[in-house]
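The structure under discussion appears below in the form of structure tokens.
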Amino acid sequence: MKPKLSTITTDGKSLLLAYDQGLEHGPTDFDDKNVDPDYIQEIAVKGKYNGLIFQKGVAEKYYNCKIPLILKLNGKTNLVKGEPIAAQLCSVKEAIELGAKAVGYTIYVGSAHEATMFKDFQKIQEEAHKHGLPVIAWMYPRGQAIQDDKSKEILAYAARIGLELGADMVKIKYTGNIDSFKWVVKSAGKVKVLVAGGSKQSEEDMIKETFDIMQTGASGLAIGRNVWQHDQPLKMTAALKRIIFENKTVEEALKALK
Amino acid sequence: MKPKLSTITTDGKSLLLAYDQGLEHGPTDFDDKNVDPDYIQEIAVKGKYNGLIFQKGVAEKYYNCKIPLILKLNGKTNLVKGEPIAAQLCSVKEAIELGAKAVGYTIYVGSAHEATMFKDFQKIQEEAHKHGLPVIAWMYPRGQAIQDDKSKEILAYAARIGLELGADMVKIKYTGNIDSFKWVVKSAGKVKVLVAGGSKQSEEDMIKETFDIMQTGASGLAIGRNVWQHDQPLKMTAALKRIIFENKTVEEALKALK
Amino acid sequence: MKPKLSTITTDGKSLLLAYDQGLEHGPTDFDDKNVDPDYIQEIAVKGKYNGLIFQKGVAEKYYNCKIPLILKLNGKTNLVKGEPIAAQLCSVKEAIELGAKAVGYTIYVGSAHEATMFKDFQKIQEEAHKHGLPVIAWMYPRGQAIQDDKSKEILAYAARIGLELGADMVKIKYTGNIDSFKWVVKSAGKVKVLVAGGSKQSEEDMIKETFDIMQTGASGLAIGRNVWQHDQPLKMTAALKRIIFENKTVEEALKALK
Amino acid sequence: MKPKLSTITTDGKSLLLAYDQGLEHGPTDFDDKNVDPDYIQEIAVKGKYNGLIFQKGVAEKYYNCKIPLILKLNGKTNLVKGEPIAAQLCSVKEAIELGAKAVGYTIYVGSAHEATMFKDFQKIQEEAHKHGLPVIAWMYPRGQAIQDDKSKEILAYAARIGLELGADMVKIKYTGNIDSFKWVVKSAGKVKVLVAGGSKQSEEDMIKETFDIMQTGASGLAIGRNVWQHDQPLKMTAALKRIIFENKTVEEALKALK
Amino acid sequence: MKPKLSTITTDGKSLLLAYDQGLEHGPTDFDDKNVDPDYIQEIAVKGKYNGLIFQKGVAEKYYNCKIPLILKLNGKTNLVKGEPIAAQLCSVKEAIELGAKAVGYTIYVGSAHEATMFKDFQKIQEEAHKHGLPVIAWMYPRGQAIQDDKSKEILAYAARIGLELGADMVKIKYTGNIDSFKWVVKSAGKVKVLVAGGSKQSEEDMIKETFDIMQTGASGLAIGRNVWQHDQPLKMTAALKRIIFENKTVEEALKALK
């Protein structure tokens, strides 16, 4: 069945709210408010995000069905050192039962465990597509072999692997430069490219970067900390949406933050 | 099916009797009395614990159905050195046939084998929930990467992983401090937090610590040696229950030990 | 189904004839007579042993159905060095088709491969019990972590692991001392303890040791070389049976050897 | 079912267009035109190739059914160092649903992971043949054990392994010499030998080499960069076809490039 | 089902033609004639061998059903160094569909991968016997632990392992000495012992050695290079058959070569 991307996009663009940091980084990313998944879910619902990214456990206990759920199917902690591998934590079947409209999967390309993640991805990709579920691949270059995980070459390669392996969207880092990122987006072909928000930066930097990103042909952002660590997450959301969906300028977008 | 936590809790609180030390530590923890599972089971029944924790072999040969059985599904000995891994020793199906009302699973977060335990946990969690069985995760930070397994940060991370992975309760160590443990409990969200009793300490220390623990929002204890190595295990049980279920003071609780 | 121990015991005691040395040690243990499984089987039948222990290949080609068959389900050679692991060599289903009344499984506790053997054991234990077949665990402490594989502590731990994992009988070494072995037997709880015969010793030593062993609460012996390397295996058998089943003295038992 | 080679051959000869470099090498092989799978597919259709080689993801999103599809079932990136292994990325079943007329599989003979790839190959070969699908094995000698991956001995061995394992075609490098490659082709027996085009070389060198290759009994080429990195890919295709299918001389073939 | 050995024996003796060297050693063993499986098959048919040993790929493309096929189910190249392991290359089911009357499997006893090969062997042995197919085990002592792979002790152990694991025939090296090999044969019990031909030697040495081998109780030879590298393979075959099946002297056998 052809994966239905329309459930998690608006006119082909997408703004997703990521909240898998509890597993990947631990509560060190959280404060008293955003440690609570309900707080995040409220932002996602009120901000009318295209999707909310949860791990299975959080979805089981908190998901309220008012926003498209994107279930992250694998993950790891940052406690283990050495070549990274993200274990499968939820089956596609379970994700569907939890109400997911898409599934997410991290692949650490360049890791010594790359082959294992490739094999696992193959199975979930095949099953997800059988049920018409889009697959979003977190394409993160990692491991001893990777010198610069934000270089044009390595990010274009990462995006391309997403295409070759059958992802429908890839979530990757930004090169920091419009020209080089155009090549990344082009390398991904028909696969939509979402940029990962990353750690918190100033409002202006974030909005400006988003503006640049949208010039490259990218389809949007999968953002977390820059929204839910923000004092006014809905204002930040509004600003981002002006850039992503309404082709506004940086100045016009920043007004939403006033 | 929604896991039925009511079978192993009282008003949302819980006091479990742990007896998986025969595998984890060996008979060195035992004396002539408590080496016998029937002795432990009698304490659990008479003390009206919310559940009794057995490995499969002990459950098969001793379980008398007079108390909720919590089957520990994995484990390891302390003979093997290096990065820890706990192998699956019982299937969910077998646990149900043995009469279990919940299942337990140890995850050594931070171990080089973390990914393997995550994957195994995913399968038992999914199957247990399909049958409405709560899953209790022993969240133990271990391995070269872990410097201090009782720090606020590491225990909050451990508890949170339990939430992200879909546990219904986590069994973890106490930070030794009310304020820091509040953050641990908060990080666990809707997952109930039970504190592991650990090795034997003085009655007063144990009761005082339990009192502190209950101030943090934790749901109770999974205790072993501090009860069944005690001369008067039922008195110790009574004292603990005053703290956990009756909101008594340390002094009132200690009276139960006279 | 409850495992039927009565098929391989007499009044709760048991004397088994072990013949898995061809795989574990090779023909170096054999001479022109006992290299032939038929010779061993004749001893087992005439000596009315409670069971005869064969590997699958030997059972397929030699087993005559005149004595309870105990099929050893795993094994290894002594050619490979390093941390030991015994691979599964026969399925429970196949054992049943070959006529087995019980199955045997070696676990090298303390080996770096402990987790693998634990997992494999779980599966065969579960399947064997489903068919009412008793499971005998060869509990052998091994590997770098083990300093003294005949110490009270380590053998008590090994026996206990047999109980925790769901064995019905354990086959272990003797500590060499009645008092310490009583603790081993006690640690095993409702699991019957059989002592492994080990390499050949003098008749008198063997009979005396067996006498001591039976004072500890152990259920008997799984013996091989001390019988089938003996000139008069049936006389040796008779002597052992006087001790194990008839509560005779060492002197009375030794008369059977005259 | 006997694999139908006729769908991907012409009179027993074959010219395939390979486009799995996006995964194996990354976009570094591409420019603005050939980064687009549609551009490649157009060359394949207009050039009437015997088959077009895609990975699953590219096939899912781009394949237009106008040319026989050869689905590459495994692969790896060039980011990971050490002994190479190519993970399975698509099942035979999925390949058939995508419309594949043959499947491809890389085996790095000599790699420390050789046994794993052999086992995986066995399964896909068996399933592909069950459905009448030819199997093309990329036989690439690699790893510490391989000194010269273009030697007569090593390439003859690689080709022969293809025969022994049940491939219908092998894709291998050229020894660079007619006499030695005749032995390679002979060693492959009834398995058809396609030479891998490799990195870009001058038109004249490529045509000359192809002429030599066809003298050895080889069945054709699986070519990529030398065609789609060419300014005039259809002219290059025409030149190659004159050699492969029409027994033309190098001079006659080169005229197609004018 | 009892394996039918009669299909690959004559009066309990057997002469098999081995042709799995293409995988194990590569074409370096071949010349222009014997590189062709049809040439070998013709020798086997005309020489009326008890069986012809092929890997799956060769059987699929060349087997003509005029001689009992013995399908070799696993194998490896000699390119990979380190502790040897032979991967499964064909299922029992596939072997049966290809017309096999028996299956072959190599076990490198003493290799660090021994346990893996034991486990794999268990499965194919069980399935082969279910279909009444004899199993021939290539028992090759290898790896760091093996000092002398032709010693009496090590070959007797190898043969015995074949019995313990359930092989019907073992193919092993010759000790070079009648007396010591008698012990090897005796250790194998009811398992038939075939000697591996090994690399080419003089006619007289080969015939003389075969004569000696048949004095030990062995059941015959599995021979390859000494026949198909011979100028007159059918004459060599005739000579061997005089020794193996007709109890002729070395002199009488050598006359067949004139």
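We just call them A, B, C, D and E in the order they show up, numbering each chain from 1.
As a working rule, a residue touches a chain if its C-beta (ideal position, glycine included) is under 8 Å from a C-beta of that chain, and two chains touch if they have at least 3 such contacts.
If you're wondering where the values come from, they're calculated on a predicted model, not measured in any experiment.
Chains that touch both subunit B and subunit E: C. Subunit A and subunit C have Cα centroids lying 58 Å from one another.
Per-chain Cα centroids separate subunit C from subunit E by 36 Å.
Counting partner chains per residue, subunit D has no residue touching two or more of them. Following neighbours round the ring, subunit B first and subunit C right after, the list reads B, C, E, D, A.
Chain contact summary for the complex, subunit E toward subunit D: residues 20, 22-23, 26-28, 30, 32, 35-37, 55-58, 60-62, 75-77, 79-82, 85-91, 94. The touching residues of subunit A, when paired with subunit D in their complex, are 109-112, 114-116, 118-119, 122, 125-126, 129, 141, 143-146, 153-154, 156-157, 160-167, 183, 186-187, 189-191.
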